[in-house]
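Order as written gives the chain letters A, B, C, D, E, F, G and H; numbering starts at 1 within each chain.
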């Protein structure tokens, strides 16, 4: 078990785990999102190549209404 | 007894009565006032010459704060 | 010969003369006009019944651009 | 003879010459001034210790009306 | 939505009235008025030029099945002159509608409240449909309504000054108090001036110089048409309130955190 | 007339940009944006709600063949946060357009000139198409143009304040000096506010709260569409000048004389 | 410099008139009026309270060798009421000066141009010194001057509204045309409002609520005294013109060059 | 009341600062500054005219026991030039006070927010007492305060434009947020402009052209002195609130009835 910080909240996970796999695991299906890993934005194409370690942080965002 | 309308309110008086006398009777001592009798403004000098009859109306005014 | 004042200017005319006739004589063909005789506006229908005498004044107007 | 640039204009001078001496030579008597030598502002107290070489630039300024 | 302007029981789709003065040519006049979509057109009454009887009459430029004519009493300095001019206008146009202007001094072209009231009173009593041009004076406007005027026409600023609506506060009061249409007249220079008046609840505007003297009168006529529609639509759509401070248009919560 | 808005070589027929924030419902959002005729739509970037993964994504409400998406950096207090958010936005939207907002203090929602400049410099160097939201500061606007911003977006008044264009004098200077499109953003409440900006020569306006929070958003959206068109048309048609005194719109000569 | 205000051949050093209404106490009233340096004081005329005959008369608070009393017709809705009140006022005060107010509707406290004119005409003919309170209507002002009013008193904004001088453009016209003193009355809230009027060439201002209802009436009274003096002095000193662009206040030439 | 202006621990009785530029003569300069009661005087730094060494130095016209000198960096287009000029100014005047102006473009004389910030940062770190001239930008003002500037000096309108305080809304925000004195600088034309700033809570104003270029500079200097005092007094005395409608200043009750 590892502990991640996802969108500011702590989360347990089986790990180390591949980022793409992790997103599926927690139920994220929509594609119009972006992910930052430890403060670095990960291009879509590289999501598979990221491995999440204990203590890592993730920001997962999407578009919302704004002006 | 006669009935006058003084500043919009009915008032009983012994009468017919002289206007100057009436003003004294009801206790008006100050001089910086003006009186209208049945809608006509009465100059100071002529107050003595007015007699109040039953049904007459009086307006008695003074200066107040205003802009 | 009589002298009229037409739109502020003196004009000689054979006369006395009927108003409708006079308007034709001076070449007024258009209908969208109004005429005042000695300061009185003459309804279309009554133009025939007016006779111009020496010294009479006429105002003959039409619509122009305005705001 | 050396050539200086003083307030943007070329000036000949006997030199090398001491800055304080030079100011006297060109007739500057007033004290409420400041001098920059080759782009560096020279404190009053150090004016004596500056020697002007060929090609040096001077800015000599004073206060004027301004808002 | 059925949202018509009603004056003296007559319905109009357009809330823009236009004048016919100061055009550089009759062609520009006709073209720009068509572009403006106006249904009410003002004209002035002047002496026939007896030395030039061939000139084409302005009334012949328009198809009067499509337009309502509104003769004015421009140039009149007194109530008597205005009443006299109204009588002439009725003969010329066959219409009993009249825009009453009583303007004693030429420099600022401001209307005389007393002379205007007197002329309106007499003309209303004679059965005219009276649209008075007035200073943005709420008390005068109320009194003109009470004697039976069909509208009130407060000025935005001096005629032809192009200063826009300088009298908005007073016009708001007039609108709040009025039971007849409020038509903002004079001074409008650009469509935003018209929109401002309609957004505030004015029922219509009257424009002349801004269109006639624009570089491109037809383009400006169409611009005013859209500005008037925009202002009325916004009035019906219910604007947001003014606030002293800002309010985010994007959510305050949920901003992603940079690495620290 | 071919009179298109061009930003970063992309052409637009509409000069109205709209935001998607503060709508009471997604239905009202879509309906009012369609009514507005806007072609450029702003969105914000926020954390995905992991406890509500079923929520429909705002991007799914629009056909992106018809619209250009403009993500913003709203909520960012520093240049670093804005750059980070721009990177996220590019991944989310697939677009490299970004509206840069750097707003350190929440109460008045006014932008930071230095932080905004720094973020824009970095993002332009990275190849983003940058549209900065700024105070109506002509010197800052000129400097942002010089480093390659695609537009400048001076504020009319504080975001969501509904105070309209309070900064018109400065905006006129920005327009006169600018070689990139000037988009007036924030504070607009009614179509006349948009018309005023376009009549002054602004290239476009951005509106969000005024439409989203109107009683009838679709009606207000259409009203803004017309107001923007009216303002642009009037700008092209050449307005009359302002004058201190009036000028008659009816002829001074030829008034009929009453009997004397 | 000898620069006195002259009304009906009477000379005044102060260009500030003050009202006596809405004070929280007679002590504050007296203190603030002394601080204001005013020489003309307005009072209203009201029924004597027969149930409270002991109340001290307001006239007893002032030394009338130092002040000129100006009774008003506040509360009158018609010309008849105003003339009647003027007659009463003359008996009460022994003065034939009167500030004519004819205000038919209470909500906005705006004067009736026709009723005011009629009352003024009758009172002037009876020999009163008449100072009419009017809307900022240049034509009405001119007509009131022509029938012999001693001044005209156009409003800055509604009585007690504290909105300052909203009618400056019209007041400028009144000033340019007037041969009698122009006194700006009503709506003034702060000394800058008074200065604005005097800078524009107004001869005096009348202030009541702004002083009476200030947190510190005596302080505000003195502030208005200074503001009126400042405005008049500036008018006499000849202000600079407005310019669209800036002009350096420091020399453009002779800036020292940094090393390059 | 003890109500002093305090800048960098130095106390002043006057809240009016004056410039020494654009005077028609040194005599008018001295006379008008004395009349203004100012205690802080700005000067510019320029090259000595080597062809005219006899010219009397401006510093010799004043008794510096009575005045505080405030040299400016007018004419500087960059932070480097401003810092260099500040160093020269300190040598010339013996004072470490400096008014920082960084103005890259001559036409509108508007300050550069970034260049101004950079110059201020460096000068504050060197121990100068820094008074920056800025656009009325609340965020920039806050940041300048945070790095240790002694005041902020937001502009009312462009230098020498005489347009008065066009930026009052932003200045109100700056005042509300600021812990250092707020000095409104530039654009003031008449005393009412100064009063407006002080009534809003500004701590002081700086005036140059309005006095120097008035027809009577001494008269205008005194007028500004009074206007500044009036504005400050009014601020301390607590103004009445603005209201949309009027409130009678005379009692509503007790009006005498005419005969019916």
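By our rule, a contact is a pair of C-beta atoms (placed from the backbone, for glycine too) under 8 Å apart; a residue touches a chain by one contact, two chains touch by 3 or more.
If you're wondering where the values come from, they're calculated on a predicted model, not measured in any experiment.
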Starting at chain B, fewest touch steps before arriving at chain H: 1
Both-way neighbours, i.e. chains that touch chain E and touch chain B: G
Between the pairs C-F and A-F, the one where more C-beta pairs touch: A-F
CA centroid of chain E to CA centroid of chain F, Å: 31
Inter-chain centre distance, chain A versus chain E - centres from mean C-alpha coordinates, in Å: 63
Whole-Å separation of chain centres (CA-atom averages), chain B against chain C: 66
Chain centre separation (chain F, chain H; CA means) in Å: 34
Junction residues of chain F - those touching two or more other chains: 19, 21-22, 44-47, 72, 74, 84, 88, 108, 110, 159, 163, 208-209, 212, 248-251, 254, 256, 258
Residues within chain D bordering two or more other chains: 7-8, 36, 39, 59, 61, 64-67
Chain pairs that touch, as defined at the top of this document: A-E, A-F, B-G, B-H, C-E, C-F, D-G, D-H, E-F, E-G, F-H, G-H
Complex interface listing, chain E residues touching chain A: 248-251, 254, 256-259
Of chain C, residues touching chain F in the complex: 7-8, 36, 38-40, 57, 59, 61, 64-67
Complex interface listing, chain A residues touching chain F: 6-9, 26-30, 32-36, 39, 41-44, 59-67
For the chain E and chain F complex, residues of the former touching the latter: 19, 21-22, 44-47, 49, 72, 74-76, 80-81, 84-85, 88, 106-110, 158-163, 186, 189-193, 195-196, 199, 208-210, 212-217, 219-220, 222-227, 229-231, 233-234, 236-256, 258
Residues of chain F that touch chain H when the two form their complex: 104-105, 108, 110-114, 117, 135, 137-140, 142-143, 157, 163, 166, 169, 173, 177
